[in-house]
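In what comes next, subunit A is part of two complexes: it sits with subunit B in the first one and with subunit C in the second one.
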Partner chain A sequence: MSHLDSFAERMTRKVARSTSRRSLLTLIGGAITGAATLPVLPVSRAQAQSHGGTPSGMAPQTTGNPQDPGDQTQCDYWRYCAIDGFLCSCCGGSASTCPPGTEMSPITWIGTCRNPADNRAYIISYNDCCGKSSCGNCLCNRNDGDRPMVRPQANNDINWCLGTESAIYNCSTAVILGVAVDEK
Partner chain B sequence: MRRAASRIAIAMTIAALHVAAPAIAADYPQPLPEEPVPAVAVLPEKYPESWVFVHDLHFNSLPDGRVAVVDVAAENRNVKGQIPAAQFGNVLPATTRPEILVGETFFSRLTRGERTDVITIWDAKTLSPKGEIVLPGGKRGLFVTLKNSLQFTNNEKWALVFNFTPGSSVTVVDLDARKVLSDIDLPGCSLVYPTGPRGFTSLCADGTMTSIALDAAGRAGPTVTSKVFNDIDKDALFMSPAMVGRTAWFASFTGNIRGIDFSGAAARDLGMFEIAKPAGGDPEWRPGGWQVITADKAGLLYVLMNPHGKEGSHKDGGTEAWVIDPVKKALVRRIALKNHSVSIEATQQASPLLVASKPDGSLDVYDAATGAFQRTIVGVVHDPMTMTAAR
Partner chain C sequence: MKLATALALLAAGVAATGGVAAGIAMPGVEKPARAHSNWILKCQGCHRADASGTPQTTPAMAGIIGTFLKTPEGRDYLARVPGVASAALPDAELAELLNWTLLRFDPARVPKDFKPYTPNEVGQLRSRPLRTEAAQTRARILAEIASGGGTE
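Up next, the complex of A and B:
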């Protein structure tokens, strides 16, 4: 796991450098992220379970990039392997951007998802978007690698609108932080 | 508007009378009595043991969470009333006085503005707010409802509030004096499990637990940290235990049961035992759902089980409730649930009922002793995550 720790450290520094206003909080978030154990997780498990994940019925949104396949409005999109919340793709944002007028949380929980196109494991940061009430569209809950509140950095039940102007939760993104495993 | 609406209503009533009156009036010489307004229902001070608090996370509108008070034994009129619980609220019914505590969070402009965290004290009889204690620092933990983020200690004279910023801490509140007594940092630990006469335990990220005794002023006193017992990577404990007296029974992700005795000043690990797994799992039976374990008054445990258990299935809900005798460490019987369920709660009656909440917000009620299905109660809440039986 040492390569993952050093990866997380690099990410922490990078993120801290790029967000001056909330650098301290980002650093805390990064430190938490760095402490996480990062299993390489299975993906593409469509769910119609108790906590959400039914087909969204939205018109498909694809990136157009064959290396990033799938529909970002559907719970089985590869990056959503440990997400819990409303998909920002259905709320005015995308898998990697928050909807207009919301604020992206600087600290969050992470998962590791395998991209079926290039078969790489990516570290995905599930930053919440904050400051408007529950989006209400495309609820998706997948729990690969999720752990209870006792390990917050691996827990997707927490409202990660922390360090934001408002703690009101709107939706969740799934941002690529980098490749999880160094390729030899 | 209202006057116009009443005029229309009266006009419609008169019109209806003209049509229906001649044939029926002779059968009913006396008209129905006039009814007084305003008229507002009240509840008993002490709720019957067939009543259950059903917490509604209301994920589609989190600032507007609520709690439904439900009589699960009644043939009709099951919903007795509602209590607001804003923004990842918590509900904690008192047993020593007719009050219900709600931990909640508000913003002055609903979704923005100044944040205020409070414990609101509701009168059990009128379901009206009778007081509040403002919690400092805007740090009350906001996450999908867990009962152990708001708990009593000191014979219900004090409340313990778990904070998460993402730094962890606990605020100790004097409910009689309506004031905050202390804030206690809890680096690396989560939630509060009341311990001993005056204190609490938290579960920690390194697999240990830390017990903190409180002095008479609510400050942290002697602290005891246990050995590592919670294997969070391979077989994490669900955070919400079933309580039998002061003994907590935790279910683990793979289906083991661990007892922890919280009666002394420091929590004591009672060890873990395995639930013998019958065949039929695909790939295996595991606990699944949100509130997956509950206990009746006799001390039997009920565990919500999912036949499709595997890594990541722990919140998927379940299709059976397994009845476990923790003294004999044995599976006593299995209750096949009519529907896929999210959470379970046993009432504290001598003949308990088992309540299973469903993703659509309705409840199924079973005779806990026989497993016989009794009724479905629809339209209770939106997202029934936790339930608390009246005691």
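Up next, the complex of A and C:
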């Protein structure tokens, strides 16, 4: 035991001789400042990954179907891969129905999204809901397969409230039309 | 023996299902399922699922489109109209899609001696697409056919 005692005493005295109390303060101060600075660094964080959308602040809406995973009020929901607009799920409707008082446009933007559950491409129709002014909740702008305006049939920036009584845009849905034929 | 019988029944069943899935023969349509998928992706958004279209913006095709086959210019028009000529599909799939659209939405007006569009023909036609004059051209072709300018 005396060996251990003398070893501890030696080390303690060595530390006391070679360091000052101020250096300990410096160390603690550096750690506190560093901890405060870390979150400011430009690092991608999981909570910030909302694909150009705004946080919904809504209660999650899930189908409960393992074949249709995700929260339909969130921009990163798989069916929204080419949507551009306000999510009807946050506006009184759902991912496939319009809010009350609006009319679903029969003329639509159609594309495909890959379903993470089975990794197959599904054909999605982005029917706009029309007839009331912009919903304003859950703006989501993802552009898989979007083409410039010179190809209007493949451009999601234009107002697709066509063939409806009113051309006033309210929000967008994402309706599954079928499974895409895989040509490889 | 029982296994062989079961296999034979299974084979017959598969053959029958295949026949039903293929439906009536569609000349110039190699894969109807692929053509239908392309229809949904490239056409249906504006022309609607039943090809009824929307007055003012998108002409109806159901029960009408076969009329264009009555004159050579009408036949050319169908492959030169902007939506067809600029569709993001290779020539072979575009030709298949055109043939499928004619046979699916206006079979009554497709002539019995209809020669399906070939990839080569569609490739040449889409290289000189109609642009803003498409609507005028369409109206003129239909007027000529209505006044007896057709080959029938």
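Note that the second predicted complex is superposed on the first by the 129 of 184 C-alpha atoms of A that agree within 3 Å, B and C clash if a C-alpha of one lies under 4 Å from a C-alpha of the other, contacts with A are read in each partner's own complex, and residues count from 1 in each chain.
What we mean here is this: a contact is a pair of C-beta atoms (placed from the backbone, for glycine too) under 8 Å apart; a residue touches a chain by one contact, two chains touch by 3 or more.
The shown structure was predicted, so the numbers you read here are calculated from the model rather than taken from an experiment.
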item	value
Touched partner set for A:Ser94, first subunit B, second subunit C, both or neither	neither
Touching partner for A:Ser172 - first (subunit B), second (subunit C), both, neither	neither
Touching partner for A:Ile158 - first (subunit B), second (subunit C), both, neither	first
Which superposed partner A:Ser125 touches (first subunit B, second subunit C, both, neither)	second
Touched partner set for A:Ala180, first subunit B, second subunit C, both or neither	second
Partner contacting more residues of subunit A (subunit B vs subunit C)	B
First, second, both or neither for A:Ile107, with subunit B first and subunit C second	both
Subunit A residues contacted in one complex by subunit B, in the other by subunit C	107, 147, 151, 162
Sites on subunit B touched by subunit A in the complex	59-63, 87-88, 105, 107, 110-113, 115, 138, 141-144, 146, 164-167, 189-191, 203-205, 230, 232-233, 236-239, 289-290, 311-317, 340-342, 359
Complex contact set, residues of subunit A against subunit C	106-112, 123, 125, 147, 151, 153-154, 162-163, 177-178, 180-181, 183
For the subunit C and subunit A complex, residues of the former touching the latter	31, 33-34, 37, 40-42, 44-46, 48, 54, 57-58, 83, 86, 88
Residues on subunit A engaged by subunit B in the complex (per definition of touch)	28-29, 32, 37, 41-42, 45, 47, 49-51, 107, 131-134, 136, 139, 141-152, 155, 157-159, 161-162, 165-169
